[in-house]
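In the two assemblies presented below, chain A is common to both, partnered first by chain B and then by chain C.
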Partner chain A sequence: MKFRAEREALADAVGTAQRAVASRTGALPVLSGLRVTLGPGSVELVGSDLEMTIRVTTPVQGEGEGSAVLPARLFADILARLDGDTVTVELVGEDARIEAGRFATTLRTLSVGEFPRLPEVPENGVRVDGAALAESLRQVVPAASRDDARPILTGVLLAAHEGGLRLVATDSYRLAMRDLPGVSMLAGDQRVLVGAKGLAEVQRLLRDGDIEVFLAERDVTFRVGSADITTRLIEGEFPNYQQLIPSDYPNRLKVSRDLLGAAVNRVRLVSQSRDTAPIRIRMNPDGIELSAVAQDIGEAHESVEATFDGGELTVAFNAQFLLDGIESVGGSVIELETQDPLRPAVMRNPEAPDFLYLLMPVRIA
Partner chain B sequence: MTTAAGAPPSILHCDLDAFFASVEQLHDPALAGRPVVVGGLGARGVVAAASYEARRFGIHSAMPMARARRACPDGVFLAPRFDAYRDASRAVMTILGSFTSLVEPIALDEAFLDVGGSRRRWGTGPEIAVVIRDRVHAETGLTVSVGVATTKFLAKLASDRSKPDGLLVIEPGTETAFLHPLPVEALWGVGPATHRRLVALGVRTVGDLATLGEPTLIGALGAARGRHLHALAHNRDDRAVVPERAVKSVGHEETFAVDHRDPAVLAREVAHLADRVAARLRAAGQRGRTVQLKVRFADFRTVTRSRTLARPTDLGAEIGATARDLLAGVDPGPGVRLLGVSVHQLGADDGPLTLDLDGAGAGPGGRRRAALEESIDAVRDRFGADSVRTARRAAAPPGPPAGTGA
Partner chain C sequence: MRLLVAQCSVAYEGRLGARLAPAVRLVVFKADGSVAIHSDAKAYKPLNWMNPPCTVTEADGVITVATPKGERLVIEVHEVVSDQRFDLGDDPGLEKDGVEAELQQLIAARVDALGSGLRLVRREYPTDLGPVDLLCRDADGNAVVVEIKRVGEIAGVEQLLRYQERLDRDGTLAPTRGLFVATRIKPQARVFAESRGVACLEVDLEELRGSAPPDLRLF
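Then we have the complex of A and B:
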């Protein structure tokens, strides 16, 4: 197996596939590698941590056929630093020889026979508007949990909803929900739970234009350009999120999204931890005041112009979760609806009712 | 902290006299002047506290209860009531806290104070000690012994030597004169094993110890202990009084009347302990992240297992499930004498609230579960700890545990 490729295109493809490579390989060292397979006119690059697999093809000029597993990080680092327009990769016995300009390296390969068999991608996919999906993922994925102790919450629920698609994620502190009317990715009342990590990669690769989604029994594949991102479906029952969304809010606040975000970012500076700082929001008909108090450091407050309809109250939120919400809802004006200092609040953009961000307060002494 | 010679000593060690027993005597005046012993009343319980009247019969804490009963058949033997002791302790600690913020509680009945910064307002260490003793007695009825010195360990030795109802001041410059005649086992860190080794070296008093070089002590006792005792013998103790803002863990233990081997019985006890720990966490407004299980076997071998949860909890169901998981990894074959469940890494229960994802009330962590456990707390508060039990425990054959300890 020997091929010549455009350096930049190959570096891009390797960089993409490498993102699925396991950071800790545990019992299967071969997973630290990237499988490179030469076919007629192209190579296929595959990285996998068994949960998520990324497969990219890129055109090359090749001689012969064959497969090898190269150490992924090293391969990607070398390609990223090479000079010149082209690079040659050749398998010599157990070694891979990489040459570009005056540089040459010989790398030991990993055993290709040990590389796991990959899930088959079903033949029939569904076309989905890439830009709309990208925006939805940007809004929803950050709310998913990164804590493996509750695997179900590390996924994003994709559910058929009133002829469209609904995406929901929660880490139990906040919940993000987006509706994509008219996107019929799932049939009937189908619902699947897809790992947020895989979806974050999908979002990273998404550009304008359609993508294809292939749903299988145990996994789902997103075909974005020349890349297939396959991620295992998470088994288990997603929490009954609908009962969490309050139907009535006695207190309704409208505030400029930019002003609120900037004020939170300033006030949270005075805290032990800028991420977890509780930001108090005192709301009354004259406007709102944000404040943060940190023992041994000091306190900060800022008043922000706003319209408020309801009874005077103070609610505190985790600064980072608040900022995530401000970022996710988009638009120029944010609506923040609250019940009381201990029950969930809802953030939305009044001009984009398809998205909702539910946020639990922080209990303050 | 060492004070320059000449300045009055400012480290105080305050130690309430026969604390549990004194609280009982205050609550029931009929007990005044009688030998009162508090501890586990079962066959294998031990003495937690003995009034000075009881001590005349040779009764002391940690003595098996059965022996205490034989030593003093006419004594009053009571099960501990920790809530009452906690209340009394809080009252005393509040008094101590009015003299300085540097109060380091060691136990319910014991605390160090550094009053070096209170001189202008309250006077010198010895003067403050007098006021503390008066106020504690006037406001709570309890007597407290106080040691005043330039270091923590000397202050503690002084309060020990002044008991009961005493005050002993070790003036700067007289430390070694006080220290050296004391038996070496009076020092912190000299247990029976170390004592035997020291006696073998011909050391009986702290003064004997002070004549030995540090290398000799390190050779005989190991580096850490050798250095530690060498420093103490020369009155070097630079530990500061560290005010403690919060307790570090909450736990509960049970010593059984008979050794248990049945996993089902042990699991039931663990669940019960977890409920009690959870109730105490909730009462203190705390949650913890690490659950620890302690198992002591019939041969007194003790093992602990712990697991850290994804998020802090104060729910008995969650603590119990974790502790039972840990129990499953311990072989009860040799017979289990004692079980303990404790929760560590505590924090106040302010902090992020969570969505009620288990809204149906199915799993732990749901708000319904929390509401349920809080209602149970309220019932137990009014009608006693055993008024509400899980079906699992209610089904257990009767047989009270021998002793309880906090």
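Then we have the complex of A and C:
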């Protein structure tokens, strides 16, 4: 197996496939590698941690055919640092020889026979508007949990909803929900739970244009350009999110998204931990005042012009979760609806009712 | 603990298939039911392992390790180099250095646990001998120097006295009071501290951890 490729295109493809490579390979060291398979006119690069698999195809000029598993991180690092427009990769015995300009290296390969057999992509897929899906994933994925102790919450629920698609993620402190009317990816009342990590990769690769989605029994594949991202479906029952969304809020605040975001970022500077710091928002008909207090650092206050309709109250939120909501909601004005200091609040963009961000307050003394 | 050094080949059947060709390896069977297969490389990382609970059966030179999930590790022993068993007894566990940092953080968040009327001025208050864990003010406005240890020994009290001596040179703080805080204070340290006018307080780490109200969650 020998091929010659444009360095930049190969480096991009390797960089993409490498993102699925396991950071901790555990019982299967071969998963630290990238399987490189030469076919007619192209190479297929596959990285996998068994939960998520990324396959990328890129054109090359090749001689012969075959497969090898190269150490992924090293291969990517080498390609990223090479000079010159082209690079040659050749399998010599059990070594891979990489040459570009005056540089040459020989890497020991990993056993291609040990590389796991990966799920086949089903033949029939559904086309979805890439830009709309990318925007939805940007809004929803950050709300998913990163704690593997509760695997269900590390996924994003994709559910058929009123002729469209609904995406929901929650880590039990906040919940993000986006509707995509008219996007029929799932049949009937079908719902699947897809790992947020895989969807974050889909979002990263998405550009304008359609993408194809292939749903199988145990996994789902997103075809974005020349990359297939396959992620296992998470089994289990997603929390009954609809009952968490209150139907009525006595207090409604309207505030500029930019002003609120900038104020939160300034006020949280005096906190011991900027991510988890509680930011208090005191709301009254004259506007709002944000504050943060850290006993041994100090305190900060900022008032922000806002329209408030309701009874005066103070609610505190985790600073990072609040900022995530401000970022996700989008638009120029944010509507923050609250009940009381201990019950969930909702953030929306009044001009984009397809998205809501539900946020649990934090307790303050 | 059983340590088996043997020429062996290994097959894993479970989420996927994996094989280790014949070679001399160390197979570790722990009393907790785990099994790990090591080569003479890869530092602490085994080539393959099974987490407890496992069922280990051995017959005709084949050791089979199975989990309730249906995973199986089949070790074919071709030649035994060494096979030894040891009783290691109970392990006292790893002592983590992070405990003092966590204690400091928890107490700083709740200085009232140290006595009524205390107010935190600053964590890690700097002196030219190093930072004091906590500097507080009591209800009368007097400066209170707090040193926090996991286990309170005489050396900790001496450290606190050195800090107090430095801070007493600062007219805005003098005279300072010393407070020695630990999860357990050794009797000699307590006698020494009290002879120097330093108050002692034992705190319960678990109680401090649990005293924070639970986070509010959606479900």
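The rule we apply is simple: the second predicted complex is superposed on the first by the 365 of 365 C-alpha atoms of A that agree within 3 Å, B and C clash if a C-alpha of one lies under 4 Å from a C-alpha of the other, contacts with A are read in each partner's own complex, and residues count from 1 in each chain.
The criterion applied here is as follows: a contact is a pair of C-beta atoms (placed from the backbone, for glycine too) under 8 Å apart; a residue touches a chain by one contact, two chains touch by 3 or more.
All figures in this text were calculated on a predicted structure; none of them were measured in a lab.
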item	value
Clash or fit (per the criteria above) of chain B with chain C on chain A	clash
Which of chain B and chain C A:Gly261 touches, first, second, both or neither	neither
A:Pro344 touches, of chain B and chain C: first, second, both or neither?	both
First (chain B), second (chain C), both or neither touched by A:Gly125	neither
First (chain B), second (chain C), both or neither touched by A:Gly39	neither
Partner chain in contact with A:Ile364 - chain B first, chain C second, else both or neither	first
Which of chain B and chain C A:Thr170 touches, first, second, both or neither	both
Partner chain(s) touched by A:Arg150 [first = chain B, second = chain C, both, neither]	first
Which superposed partner A:Leu244 touches (first chain B, second chain C, both, neither)	both
Stretch in clash, chain B with chain C, out of 37-45, 217-225, 235-243 or 397-405	235-243
Intersection of chain A interface sets (partners chain B, chain C)	170, 172-175, 239, 244, 342, 344, 358, 360-363
Chain B contact footprint on chain A (complex, rising order)	147, 149-150, 153, 170, 172-175, 239-240, 243-244, 276, 278, 318, 321, 342, 344, 358, 360-365
Residues of chain A touching chain C in the complex	27-29, 50, 114, 116-117, 170, 172-175, 239, 244, 295-296, 342, 344, 358, 360-363
Complex interface listing, chain B residues touching chain A	309-310, 348-360
Chain C - residues contacting chain A, complex	12, 15-16, 18-19, 47-49, 108-109, 111, 119-123, 134, 213, 215-219
